[in-house]
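As structure tokens, here come the structures.
What follows is chain A paired twice: with chain B in the first complex and chain C in the second.
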Partner chain A sequence: MDADRAAVIRGVIGEFGRLSVDVDTITDSTDLFGAGMTSHASVNVMLALEDAFDLEFPDRMLIRSVFESIDAIAAAIAELSGEHGG
Partner chain B sequence: MGAVTTDQAAFRDELVARGLFLETGVPGLYGHGAAFEHIRLRFDELVTKAASDDRPELLRFPPLMPRRQLESSGYLHSFPHLAGTVFAFDGTESDALEQEQRASRHEDWTEFQSMTALSLVPAACYPVYPAIAARGTIPAAGVVIDAGAAWVFRHEPSADPARLQSFHQREMVKIGAPDEVHAWRDDWCARGLELLRSLGLPAERDRAVDAFFGRGGRMLAASQREQELKFELQVPLGGAAPTAVTSFNYHQDHFADRYGLVLADGSTAHTACLGFGEERIVLALLYTHGLEPTSWPVEIRRVLWEP
Partner chain C sequence: MLSVGIDLVEIAAVTESVAVHAERYLERVYTPRELDECRTPDGAVDARRLAARFAAKEAAFKALGGGDDAIPWQSIGVHSDRSGSPSLDLTGAAAALATARGIDELAVSLTHEGPYAAAVVVARRGRRNGR
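Right, the complex of A and B next:
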């Protein structure tokens, strides 16, 4: 996975995810909802990611599983950027 | 304004023609005629009776709440399109004169109005959470609050007689340990369904989502559906799909987090609420059994009028 992209995602989660733990202590596969991110916080993460990556998540991606980990978010962004194999 | 079916439009016209609904000229804002109100008040008593096993504590609040409470509740994140805040005059004597002149011509006079410390109550349970949080720790057995049939506001003008901007929501709230709150919500789904069916309403229970705003709202709705946080009792009311007349909502720690609702062991409480939309239930009765309550089936009349 693109390290820069993961860092940007991590930054957005740190700012908007309202995790109950420090964002630096989670791995790229940590369940963000399990780490305290609420549904409302996940919406703010989604909107901030759209700004950060200048893209728009289509309706089919506006579901919990797309935002459940840094890996899952990175895969969705890779798909929207036209990349294959993440 | 949302489109309505011909059936809904015809139903609305009949309600007005018979004096059950009193028109105000604003969509979704009606007075109630005596026959309508008699049914609503009797239904409200049936809910009180159905809730008696819970031994709820009665709390009542005005249809206005502190704007700061609305701001802290998360409502403006989920439903910015439905919220209403109270504005009032703020200006000089000459401003007042200008305001009156423009208002009397029905022109724009908003520039003389400022936001007050008040907002309209969007759901009857909203004032309950901060009031209970102010008492301190939640007792081990949890609390059940009967918030009564409060006037609530939703800014959604519609020609559908069942989509009102101001209506009575009869709400009950449970605050306590997660398992107990979840079980209470599920138990009430069954009790509510039984209550509506005892009135001859063809009610069905279904998983539901709130009318969250925007694209973020789609995500909230998907999450709500996936976690089965909301159930509704729905009855045919002339629309393309059945209309929700009662809802049962499990908020998990949403309100508890915001208002600091804590259990005796220090853990965060969970909350749930249920709301009977009283006008919608009266409308469902009129739609199902006919617009003349004296002609309703005797067994239905007995449930309502012979306790």
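Right, the complex of A and C next:
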């Protein structure tokens, strides 16, 4: 996975995810909802990601699994950015 | 058969979302009617009412058995009648999910107290069960 992209995603989660643990203690595959991110916080994470990556999550991606981990978010952003096989 | 969903939202989180993301947050999550019903006479939005509505959307999603279905927040409308009693207005993907689940009746109750707002939704599945 693109390290810079993962770092940006991690920064957004740290600012908007309202995790119950320090974002620096989770891995890229940690379940964010399990780490305390509420459904309402996930809205803010989504909006901040749209700002950071200059894209928009379509309705079909407004599902829990897209926002459940840094890895999952990165995969969704890769797809929206037109990347394949990443 | 009945199913139930519940959700709790911190009102300060909604206040912060409005402050940071402003109209993008409001227009992405709430229906125009919800926003009308949640505005104060001076035109500002009442975070307590918005928080209760967000809780109701999540509670409805749980009662519908949404799982990993793509349900835009705006497809679950939480509206008030003249007496102030809330009800759910499902459209689009949420309405389709309710139909697929065989759910023919929904009831919602909202509350807010201190720093939190909460909602409970009860769904009734009719005799023609869906998936």
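Odds and ends about this structure:
Going forward, the second predicted complex is superposed on the first by the 86 of 86 C-alpha atoms of A that agree within 3 Å, B and C clash if a C-alpha of one lies under 4 Å from a C-alpha of the other, contacts with A are read in each partner's own complex, and residues count from 1 in each chain.
Here is the rule we use: contacts are C-beta pairs under 8 Å (C-beta built on N, C-alpha and C of every residue); 3 or more make two chains touch, one makes a residue touch a chain.
Being a predicted model, the structure only gives us computed values, none of them experimental.
In the superposed model, A:60 lies in contact with chain C only, and not with chain B.
Within the superposed three-chain model, A:73 lies out of touch with both chain B and chain C [touch as defined at top]. With both structures placed on the common chain, the touch criterion links A:42 to chain B but leaves chain C unconnected. Touched by chain B in one complex and by chain C in the other are residues 38-40, 43-44, 47, 59, 62-64 of chain A. Looking at the complex, you find that chain C touches chain A at residues 7, 9-10, 13-14, 16-17, 20-21, 24-25, 28-29, 54, 58, 67-73, 93.
The residues of chain B lying in touch with chain A in their complex are 74, 77-78, 215-220, 222-224, 226, 254, 257.
Interface residues of chain A facing chain B in the complex, by the touch rule stated above, are 38-40, 42-44, 46-47, 57, 59, 62-64, 67. Chain A contributes residues 18, 38-41, 43-44, 47-48, 59-65 to its touches with chain C in the complex.
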